[in-house]
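As written, the chain order gives the labels A, B, C, D and E, with residue 1 at the start of each chain.
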């Protein structure tokens, strides 16, 4: 019986997911699309819980819905300020042709032309259909779970996902950290940071919540980092939470960001990747291989790497939110 | 009913929904013009792929496959970094061309080509002044 | 050593030509020009006993040497070139381009001497073409419109002749299996196309009937000394070629013989008729050369038809050639001497005598070289049994003498007319007189010399320098001359254009050229640059548009999906 | 690097080395550039001479570098390759002297001489190549090296000519490339063997070999200027005189002819070519080209155009000779390879002299040139008479052997073609000679050379005159001393004797 | 001694990966010294690659002894990530080493502004590290991650100049890359769903013909075709490469696009080998011919030097597509395709670098107005010409040998009886002609008559590196046997 209830819950959840996604993509107003996308993220977290993947649900909520949502909102804000700036037009230049409705144009995407509707829909459905048929023909339960259990003893941690992430497939995680770093380098190469257009509303609400939320965020972040070794959690989720706290701080003081000194900032950013590689190279010589830990030293090394990773991820996410290289970096 | 319940096991519904999400994302990607919407479509396609992966992980009775879940976590982080970089690029494009739309057409032959190797950057102070105008 | 001797004869004039060519301003060498023929004369005199020289290195192993036949021709050629050379020296005294004349003169001389000595086909062909091309320089020397036209036609025929000769030699030597000696060619009896080409090649040079029309044009245009040599010596090269190459052995070649006899006789009569209708002295002499060469051709033809009389007839042909050479040379020089007509009686008598003597010799006056030549040619015919029309050849030969006499009368009259308008006689130029006198004298001296030098057993035939068959044609000629003189009203206008056959041919050539130029200009698919550029611009425009459509974002998306479906379909369909 | 390979490499490098060095030489280093040029040419001459003597003594020279598994880059020196190599070496030395004189004071000479040496290395490479692939490599390198020389002047006309030249040669290069790959697939990367190395293939792959032969002929035919593929040659005459002299009269055109000789003699073999009826086809094409070239030459008034068209027809003599496939015909063809080279380069040098000294480009402007420049006119006359095929000169020897070869191979109509072409040759070569000697000049000469580089001791700059006279003398001696040993004819007889292995064969 | 190199190999492979990552991280940490790290690092990296290749070739004639698989962290196949080195990846690693070294040296001269240097070098070293990892990785998901590293850094480098054309090109390139990666990932997920394994070698053992494999193959191939700009999906390449800085365009056209093609080849020789059907081969071949014609037509049309070269990449990749049907019939042909890709990468990189020098000197890269600079800069034009000759496939260059092998493969398919082979041969031969067309467009102005102005001063690196690389591209002609021998050391390949 409970199985039936679960099935109904699944169907409702998936229907809701698909509906939200469809509305999000079909909306002409960008703000509305972003809000719908954030709800889609949260529903997705629910789905991951349903699929018995709490870590992923946590990550999805923190990163998928939180960080991505924040990034999207700040981008819309920036697009609006660019449009306003252009609409005011510099005195010496002719008014921008988009002129009057520049504001509208910036955050409004007219419904697409009819002619691409039929081919796009038909192609998408056929591709989807082919994938569904492929999935339906697949045998069930063929995963690597037994292999992982077998090696858990040696991995140095109790939580299987953290073991896979930081020991068995350490190389993927390392590269993942590298990708985040590269994304930041790419964002920085585009240009100097620009003032965040949003100005904090005067009044006590924001400072008050800030004083409440930031310590709570830091405590939960550290807890999740620690719990990662034996329970759902880990570097990425902790990094995301601390990053969210950082973003809150940045939002509170948009005008004059402190002139972050370039070297310590860079060290912080590359701490995770650098340490990971250093330990990996040591593992190459005295351990079982590149990015491998000698069994007895596995646990402490993983913890050290997790801490460095959390620090780097948090800093990187905040920097990505600012999306401009600090002035200090240029001389 | 039992057969139906067995058929609608999570290991099968979620991958199917994931495939549909992938297709929906592809459709949205093809149709919509605004860059932010396209980035959203790509994210939705990504979520679709992760749903298929996690669906596969949850198949069978025992505990879900940790490797698949680890891969999904990695995928999510990669997706967010790609999205962040894409949004930064969109803002840069908007600042230069005034609109967040893709410029169709091959590099038009008359476009001014400023070659960075010739560029001598203004010292930071001047950049600041120019920026704050 | 003997190689050096044989080589020296053609090389000395060649070296002299090079010397004069390189130093045109210095006239020091001009004086040596006539004497370049002297080694040839010496060779003719003593060459009998020097055996032929084979030079392998030179030009695919050339072979130089002298046989009795060659000796006679060499004597004629060098003697005539010597005399004409002397005459030319003074004739060209004040000509600004004389060094150019001397260069061509010496080249032609070396070619002429060389081809007589050559015993193998290649060197023969070398000297033959050298002589023909150099003669062109002499023909166009006076640089008048008429000279260019004559030169043009001469060159075309000379080149055609050479190339036909080349082809003939190739086919003949192919038949001999690679042996390039002329004797080998003759022994291998060339036949079919090879033989025809050889006969034609030499025929053009010898003025054979259908291809003779370059002669009456070239002679009046060329300077006097040049036409003397051209008509006297160069034409003989054709005959020498025939004698060397044709299958003159025991079996002979009846068909070829008969055609040659027919052509010879036709040439003799028709040329005489055409000559009489002319008014310029040198043209008349040209036509008389054609008619005399016709007789020689007939002689060669008879040698082919009657193989057993071959030695005798060849002797006759050689004698006739030498006689005609000297006589015609003298007559041409006479045509050149009009300006030297002395005022006084004795001088005037000698002047007229030197002109009349060779004319009479040509006509076959007894006791002259003409008589000797004609008798030796006709004597063997009496006994020979010739079938069909050939039987009348002997009569035709004698009748030809009448034609020649008539021609000579016409020449003397026109020559006399040409002297009327010359007033004050300049001072006598000894060199020209010597040259002219020498040649004129030869027509008398030659028969005596011939008897003295000829081998004893043939002496009886020599004695007959007289005979009725010599006299009656001359009488007939005189009678006809008188009749013509009285009846025909004006004697100075030429009745027939010079170079008879050439006139229609030239008209034909010009007409075809006009036709070729006026053909509708091919609708050229030439490049219309403007249109080409416009098409390229449109293409560039359309390509850019296509690329712009392709780059639109939804196209990329659609193409991506389409590619996926295409791949799936082909994989699935298999 | 098997025995003696270093000598072959030295010959190749003797022009490649200086060439590359000259590229990087600044324009004003006149002395060094001339030294490099002449030094390179001199060493090549000496080395080729040494090779000539040792090959005469009979020892073998071979060099092979593996390019691909089973296919290697082979240089070999057999009698035929030496013939072409000697010709190239001698004429390169002469043309270098001529080019130095001709390009006195003109811009971009380093670039010119750089590519010039590259061309000659390619030509010698073609001569010395041991198998079809090496031949193809040098053949394509020749195309690349000659293009910059054709467009040296940089005028739009030169560039159009360059484009056309590349269009023709590259397309044919591709056809040739495909054919050679196909042939290597079938018969393997065999070295050249007199009498052909197809062996039993001729019986099994009848039609394929025919198709391959046609493709090979198209490939080589463009450079050998066979009729439908010849129209780049007259247009490429826009290049400076030394280029049209050495390259378009000798190196490039000969490369094509040499390729055809190699294919017919050393790949297919005469018997197989006859058997498959390919030789007959080639004879027809060669004959058509001979006549067409001569007729076209008759119609143009421009001197270099006329010489170009005459090259088109003269090269086909070589093809005709080889296609006759009899010993005499092949001798005629191969000896013409040398004679045409010498005679044609004389004519082009004279044309270059007239253009450079008096600015004469048209035949109608040639009146009375004999008096102003007697030596050059004498050389021109020797060249012209040689082309017509008059006895003392080299041209005669060729026509003589071709005639005999034609009869020997029962192609009687070929003799008619030879006659017709000789007539046409006379028709378009005699008028300029006659104008030169016998015409007289009404207006005074436009002293082009004297204007921009001062009066000259002889009739023109000595560096222009001496090579012309030297080459004219060669063409005269080539014919006059044809019987001597080590003359081109004698060497060719040696080649044919070895190829056709007819003991004691005497032409 | 023969087995010592085999032992050294795992250590050497891990060492190479570690070295490339260390360099990237060091450059990110000390941006001010980034260019020095980059310069010396490039030399170090090239030396390491050459040493590795020496070890690899010495390791043995038989493929099995040479090809090595390194378990990262000591965890064997199904669990951990395996690095896989065999003939195919070794040769491409050497190629990446050579082109990477040349581009680094060139960038020392090209990017001389202190601020830009700090941004450029870290991204470039990450890109290089990503390429090395892509070539070495033997795990499907790891391939996805490496592809992401390469794509992100490549996009950042394309957007480097900051002009409108560059940023919009980079945007389009980023979207294309993400779409391609997601499609690739979906394929990997499907395969994981079917077989539960991620390692390529294990996958190859398990795959059989079924809907999943077919859909996975389609998804992965389409994704990689998008990244490798193969014909219908090529449109992003010209704007991106045309407006990127010269060293970046050289690497993109040379290595990144070739890397994606390497992946397609690896998949279709490994896991998806049984799936290939003749119809599939013919479709891909036709796409190749269309690429050849379309790319060449666009190259002949476009007016800017860099976009000509970019379109020439699209055209030359047509050859690689044509090689697919050849591989189906003539199984040996895969070595020919790889050799062609190597030679093309060398030549294309050299042409782009030369184009960069000319653009720097002239201030613009409109071909019509570059006559003066082309005439003045003989050395660079010679490099452009020499590399162009290699693109055309004319002698004394690698291109010639590559075209020889391609033609040989094409002709042997005809001999084996496939009639469509004639179309492939004509396309291969004709391609050279079209290449001649657009190379001539670039080189011909140098021979026009007219003034010569050398334009801006150019650093010695920018003057000599293109020529050096062009000479290496030409010398590849003589390295034919060595390369093919190394390629044969690929176990499992026909």
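One rule holds in what follows: a residue touches a chain if its C-beta (ideal position, glycine included) is under 8 Å from a C-beta of that chain, and two chains touch if they have at least 3 such contacts.
As the structure is a computational prediction, the values presented were derived from the model and not from experiment.
Student: When you check each chain against subunit B and subunit E, which touch both of them?
Tutor: Neighbours common to subunit B and subunit E are A, C.
Student: Please report the smallest number of touch steps linking subunit B to subunit C.
Tutor: So the least number of steps between the two chains is 1.
Student: Measuring from CA centroids, which chain ends up nearest the centre of the complete protein set?
Tutor: Of all chains shown, the one whose C-alpha centre lies nearest the global C-alpha mean is D.
Student: Please tell me whether A-E or C-D has the greater number of C-beta pairs in contact.
Tutor: Between C-D and A-E, contacts are more numerous in A-E.
Student: What's the chain with its C-alpha centre farthest out from subunit A?
Tutor: Checked the centroid distances; the maximum from subunit A is C.
Student: With centres defined as the mean C-alpha position, give me the subunit A-subunit B separation in Å.
Tutor: One centre to the other, that is 11 Å.
Student: Give, as an integer number of Å, the spacing between the C-alpha centres of subunit C and subunit A.
Tutor: Going by mean C-alpha positions, subunit A sits 109 Å from subunit C.
Student: Rounded to the nearest whole Å, what is the centre-to-centre distance of subunit B and subunit D, using the mean of the C-alpha atoms as each centre?
Tutor: One centre to the other, that is 66 Å.
Student: Counting in whole Å, what is the centre-to-centre distance of subunit D and subunit E, each centre being its mean C-alpha position?
Tutor: 43
Student: Quick one: which residues in subunit B touch 2 or more of the other chains?
Tutor: 15, 22, 26, 29-31, 33, 38, 52, 56, 65, 67-68, 71, 74, 78, 81-82, 85, 89-90, 92, 102, 106, 121
Student: Can you list the residues of subunit A that touch 2 or more other chains?
Tutor: Each of 112, 116, 120, 123-124, 127, 130-131, 135, 138, 142-144, 148, 168-169, 172, 176, 179, 182-183, 186, 190-191, 330-331 in subunit A touches at least two other chains.
Student: Taking touching chains as linked, do they make an open path (line), a single closed cycle (ring), a hub with spokes (star), an all-linked set (complete), or other?
Tutor: Contact pattern: none of line, ring, star or complete.
Student: Got a list of which chains touch which?
Tutor: A-B, A-C, A-E, B-C, B-E, C-D, C-E, D-E
Student: If we count contacts the way the header does, which residues on subunit C are in touch with subunit D in the complex?
Tutor: Listed in rising order, the residues are 21-22, 56-61, 100, 122-123, 125-126, 129, 133, 136-137, 140, 143, 155, 159-160, 162-164, 166-167, 170-171, 173-174, 178.
Student: Which bits of subunit B are touching subunit C when the two form their complex?
Tutor: Listed in rising order, the residues are 26, 29-31, 33, 38, 102, 104-106.
Student: Taking the complex as given, what residues does subunit A use to touch subunit C?
Tutor: 112, 116, 119-120, 123-124, 126-127, 130
Student: Per the contact definition, I'd like the list of subunit E residues that touch subunit A in the complex.
Tutor: 10-11, 14-15, 17-18, 21-22, 24-25, 28-31, 70-75, 78-81, 115, 118-120, 122-123, 126, 133, 141-142, 145-146, 148-149, 152-153, 155-156, 159-160, 162, 167, 186, 190, 193-197, 210-212, 214-216, 218
Student: Can you check the complex and tell me which residues of subunit E touch subunit D?
Tutor: By the definition above, subunit E touches subunit D via 378, 382, 389, 392, 394-396, 400-401, 403-405, 407-408, 411-412, 415, 425, 429-430, 432-433, 436, 440, 444, 447-450, 477-478, 480-481, 484-485.
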